[in-house]
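Two complexes follow with subunit A in common, the first pairing it with subunit B and the second with subunit C.
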Partner chain A sequence: MQHSIKDDYINSLKNYTNQFKDTNFRRIACNDFKSWPGPREETWRLSRLGSLSRKKIKPINPNFKKNNTNTSKLNGSTIIQFIDGAFREDLSSDMPSGVNLSILGDSESLEYLQKIKKSNLSNHPSTNASLSCTPSIMKLTVTKDTKVKDFFEIIYEGGENSQSVHPVLYIELKENSSLYLIERFNHLTSLAMPLQLTELRNKASLNSIKIFNDYKETHNLSANCAYLSEKSNLNSFSLIKGGIFTRSETHAYLNGCGAKLNLNGIYISGNKQHHDLTTAIYHDVSDCTSKQIVRGVLGGKSTGVFQGKVKVAKHAQRTDGQQMSRAILLSDSASANAKPELEIYADDVICAHGATVGELDDDQLFYLNSRGVPMNKAREILIKAFLEDIINQSVDKSLHNFVFKEAELALSSILTKEKSYNETL
Partner chain B sequence: MSLLEIKNAHLKLDDKNILNGVSLSVNKGEVHAIMGPNGSGKSTLSYMLAGRDGYELEEGEILLDGISLSEMEADERARSGLFLAFQYPVELPGVGGMSFLREAVNSRRNFLGKKELDHLAFVKEARKEASKMFVKDEMLKRAVNVGFSGGEKKRFEILQMALLKPKVSILDETDSGLDVDALKIVSDGVNAQRNNENAIVVITHYQRLLDYIIPDFVHILSDGVIIKSGGPELALEVEKNGYSGLINAA
Partner chain C sequence: MNKNNITNPLERRRVQFGYSQNDISKLLGITQSQYSRIEKGISDPNKHLKKLSDIFNCMPNEVFQGEILREIENDFINDPKNSFQRLFHKRKSGYVHLNIQGWFTKKQVINNYKMLINELEDWKVNEYGIRWKWLTMDEPNWAMVNFPKIDFQDIYYYSAPKTKPKLNSLDEVDPELLKTYEKLGIPIKEQEVLAGVAVDYVFDSVSVATTFRDKLADEGIIFCPISEAVQNYPDLVKKYIGSVIPIGDNYYAALNSAVFTDGSFVYVPKGVKCPMELSTYFRINEQNSGQFERTLIIVEDNAYVSYLEGCTAPQRDENQLHAAVVELVAMDDAEIKYSTVQNWYPGDKDGKGGIYNFVTKRGNCLGKRSKISWTQVETGSAITWKYPSCVLRGDNSVGEFYSVAVANNAQQADTGTKMIHIGNNTKSTIISKGISAGKAQNTYRGQVQIQKNAKGSRNFTQCDSLLIGDQCGAHTVPYINQHTPSARVEHEATTSKISEDQLFYCLQRGLDTEQATSLIVNGFCKEVMKELPMEFAVEAQKLIGISLEGSVG
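Right, the complex of A and B next:
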């Protein structure tokens, strides 16, 4: 990014945080924000923020009167609504028993900052920018032994052109509790920087679906940090389809024996979209399992990135870590990058990874053609099957249709464009 | 008029001549067998007929019921009534058997100007035909050919043939990988579809299949040309003397 603009942005954060004491979490976060990541930083090499530099962006001052929400909600779900990065109690549901939603005070916010700073997200721009100027850190707590029956939906909307929004969330599932959470990012802003810390206590279980469907000009730099205790279970699925640039970065720390993690994702990219799924899984103790399936479909001049790191510490024996990524390119101008990384220091582990980037399989296309199915329909059938398979594995049966339709919408616009492109050849 | 007419078909793959002037006329109600040693061009012939990319004719012509196939893509040929049963049926992970069959059948029905079958009507029809081919319901719920045994894959091919009711079916080494029992089921399935309106071309290495699907004509393909044609007795001659005797004599 150009120097002046990043300085502008950081200066505006400084101006804002100067009103707080040196020891305030906002000041600390802001002081840590030295610069935007550049292409020389290994994890940002494939996802460059250059296009942001052409925009003049300022952190938003949330407008609490805005109440136009356009996201249609699922039937019977409990809603948590954010607009302009700020929690809106007036537009959210009452919490069911066993679930608390609260605003963190200064000292708790400082603890939050310290927890994030212990992770490898400490220098992520969303960590420092969002902690500097978020309206408030919201904490969602599920109390011990509470199994929340209804789906929870967190809806992120709002924002303005040339402004950035900063929703910050802390999710804690106490012992033996469970929650099914669907997050939908529908910002209409230049830059969204959601930050999230998740802590799963012993035997807690979180199912999480994130659907990134921001406005077509939005940059979304989502940063997520998850700590998994003994026998806890995080089953996470992301669908990235919106924005001009969406990067969802997740760092998951398996630090209780027997913890299980699924970290699956799909990106569907067209036009000049850039979509990035970056993950790091840290097996810090023995007997944990992590599984990851990532699939991408790319058309137009889009680019996709999957970076997946699995680090197995010396004492993390009997780790089972699997990772598979596959991207299908539908146009000559689309490109996909996959960067799997395994760092294994233990000797008794099962770890496997595979990454492929390619076109649709000729044999499969011909087989469908030979049964009378035209080429465009054959491509559509194969791509849908490619995505449906992982959706079925990753999300609750009752949500298959909802998630698949969300994917289908993005897909059909890409396929229509590729169809007309192919027909002109 | 022949139902399938291959006229002087020439085809090159990677600059190598594979078909060097194949001519064949297949009439309604007939079953033709094309036999030949490895590398004689049998599978190339079947891909060429089905219209696979890269298997375009250098010279010659193919007519299906009097209409030239040369300008047609594979899907159009299939809708026009040409069917290829694959030697190695392709796995389609994530594509359910029933919806695949329905897509295929409705493509053909659309072409014929018939109304698409609704889901229930189709399922009924598919199950009826499937039971004849000993294809269980459970198999139709699975992804196409995924985890199917060799016999199941071939039965599923013939089930497709039964549902699509093509004018001309090309069976490419349908006997490969089948045990005797499976061979009988598949052959019975094929025989059940023989009628006076369609035609079948069986491509095979071995005479064995022709004990079950009895051809009207047998052709020997060698080096991309048909070197000899005759009745079913020709297949027996191959079985007795091998291909080399015939090729040397030609």
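Right, the complex of A and C next:
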């Protein structure tokens, strides 16, 4: 039975793409969607899509009349609004000078597809499904030497039960430009498959914050691919807290000497949530730096996964690759998996990774306890400190409060649920 | 099910060969229910008769007759050694020729093979219940190693040394063999005298000599070839063999279960601390033959044993397969220390020849407060595929894994460990040092799994890699699966090369580059080396020096 339902999604993809005749990239992508990745595929072993493939899901037909957005915007930011996976010009702000937002034509879309297919994301389900069903591929370009001062806020909303949304984005930062981007995923749908390709030209700098806060029954399979040229700089921070199943997969290719990459992330999971942060960093040339710090807090029956791969190619000498992942388990039924992987073919490198999984440190708890802080409060303080540390490192100062509040919201719901557990201790 | 009660001839034959319906249906390429109908006589078997006769090693018209061809069986039983020679005249086609019956396929080699040797085989089939699981499995391909596909039809599954296989003491061993040892720098006699080591020598497929047996027997310790243990202590062997590593555990373990003929067996009774180091030397002499030995060590409550394993093989242009299985069982308060210095022939500079070392090793900490410690120095083999693991079942049990893996030239090593924490307060330590030089690839692959009830468990993992030269690779693939909050898992890994400062310091003090490298490498491995027994540590240190020769400059 399961088998036929799996085919079901492929068929609905095919039906959907039949609407668009003569669009090569959709046809190619649709043909490449073979099936959902099974547990036998190494990168999906820890994150299984069984429950998803048993659901009946169809690609959404975007409704351009919807305009009820519930996400409260940040002050003074430039808004780019997606509803049902489609860009909504009427709800978005005007672009400042030096920034262009456009829809890719068919031939450019084909190029886009080829660029994604070159990466290791070529078989990711989001790649193929989203490219075949997206309403349009949006391209955000920052022209040469433009330093954008305001924050850019991309808000993804909409979607309905049993439907899948497919926002596809192409971000290009030309030479010597910079941008600060905040992406917020607030989908109400069963399945969200955002796909993003980022290209940073020489000396470009992109700061990006992704907040995954989808509806509690949403599967979010986000796929990101980034190409970094010489001396470019990418600072990425992801906060995963929503959805029943969220997997943020990022593949970063360091193609220019002196490129710098920070890929930090936090996952806060409760109930039966499954959160997965998968990254792969490819050091293809010399003198690049990559850093990764990942923290997880897990309560309820949740599971957390961190898979990080650093691959250093043969001639990528003087590479510095650091990776650190820590997870804290708050409940008996939570579990954490980590797979930090190093694959190194060059000798003059400094690569290290560390991973720990455990509970809060007894000594620290005792310290606070002995100073009159009750156990619950002490735990809260320690967990917040555990997260605040990394937020401070990876987020602009003016956004500290905003990001921290988002984290706190998720945290408080877990902590109240774990309260009874704490008291029994 | 009592196999004597089966009246259906085909089913009887199937059970006799240790197959399940599923296995057979897989081999025939049909579904199980289809096969079941054939067996019951509902479906027409004609289409599959040829294959069935292949599988059951008989003429097509005999498939539905109950008994295996008596004639062959008797021949094997009456004169096993010679019939063996008759069987294994290898031909260029890769098939094995049996005078009596004609050409044999891989399946048939295995099937015949079981009738060949001695009671061990009967026992393996009848009591141990080996099904030829191996034939129904696929070769694993997840390890980061590359090698041409092994032609399993082109391997001798059994070869006995030309000397008399069972000897009472070392003096009776062919002096030629002793010479080979000495050439390899393993002066057995000297070791015996100085360290009082009891040694079991396994040459090719047969255990040739075991020393100090009487002395050990006084203490109640059993140390003998496993082929003897099967005859003399069948209950013990039966109880534990396959309990740690089931037959179908993985492809190579299944192969070993199907074809193993010898190996070592150690049993240490309650409360006995084994007074000397037990040791086995494995050696592959014969060209084209694979070695499939099996080691089983059982240590009862409060007992202790330290076991050393050394491996060598002469230079050959062809790749040879070594697929061993080692099972350890530790009861309450018992301790097992298992050390390996592996020096199989690694192949020449361009990667021609060398041993494929595909070994499954696993220890079961069954009792409370038991401890199993693996120490390994891996310098040889063209390809190493080896994950000595601990299943920490008893509360408060301890697992340790110390490893140095050196890969030079075209060697490939994919090695590591698994620590499965099941009992409360179990602890494990993993220290892994990987050194790659030349064009070698060295991978650490390890898993730490803390199961739900393993409260208060701890794990510490450290894996460091050292790169010498810019053609080699060092990879780390750890898996952490944590299911209980009160446990703590820590993992750290670094990769670096020998720093210029360290080299400069040594050179300044008059060492040449090679000496300096060797010195630094030995320093890098010190944490592991100190876990090795004395006499092994010296040998291991030398080995590392030798295997890194020519990697600098």
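One rule holds for everything that comes next: the second predicted complex is superposed on the first by the 413 of 425 C-alpha atoms of A that agree within 3 Å, B and C clash if a C-alpha of one lies under 4 Å from a C-alpha of the other, contacts with A are read in each partner's own complex, and residues count from 1 in each chain.
Everything that follows uses one rule, which is that a residue touches a chain if its C-beta (ideal position, glycine included) is under 8 Å from a C-beta of that chain, and two chains touch if they have at least 3 such contacts.
Predicted, not measured: the structure shown is a model, and the values here were computed from it.
**Q** Thinking of the overlay built on chain A, is A:409 touched by subunit B (first), by subunit C (second), by both, or by neither?
**A** neither
**Q** Give the label of whichever partner, subunit B or subunit C, reaches more residues of subunit A.
**A** C
**Q** Please indicate which partner A:103 is in contact with in the superposed arrangement: first for subunit B, second for subunit C, both, or neither.
**A** neither
**Q** Once the shared chain is lined up, is A:42 touching subunit B (first), subunit C (second), both, or neither of them?
**A** The answer is second: A:42 touches subunit C but not subunit B.
**Q** Of the partners subunit B and subunit C, which touch A:346 in the superposed model: first, second, both, neither?
**A** After superposing on A, A:346 lies in contact with subunit C but is clear of subunit B.
**Q** After superposition on the shared chain, which partner residues are touched by A:363: those of subunit B (first), subunit C (second), both, or neither?
**A** A:363: touches subunit B, not subunit C.
**Q** By the touch definition at the top of the document, which applies to A:332: first (subunit B), second (subunit C), both, or neither?
**A** Only subunit C is touched by A:332; subunit B is not.
**Q** Do subunit B and subunit C land on any of the same subunit A residues, and which?
**A** none
**Q** For a test of understanding, state which residues of subunit A touch subunit C in their complex under the given definition.
**A** 42, 314-315, 317, 327, 329-332, 334-359
**Q** Write out the stretch or stretches of subunit A touching subunit B in their complex.
**A** Result: residues 362-364, 366-375, 377-378, 381-382, 384-386, 388-389 of subunit A touch subunit B.
**Q** Quick one: in the complex, what on subunit B touches subunit A?
**A** Subunit B reaches subunit A through residues 50-53, 73-75, 78-79, 83-84, 86, 89-95, 100, 103-104, 107-108, 111, 143, 160, 164.
**Q** Can you list the subunit C residues touching subunit A in their complex?
**A** Contacts found on subunit C: 142, 144, 452, 465, 467-497.
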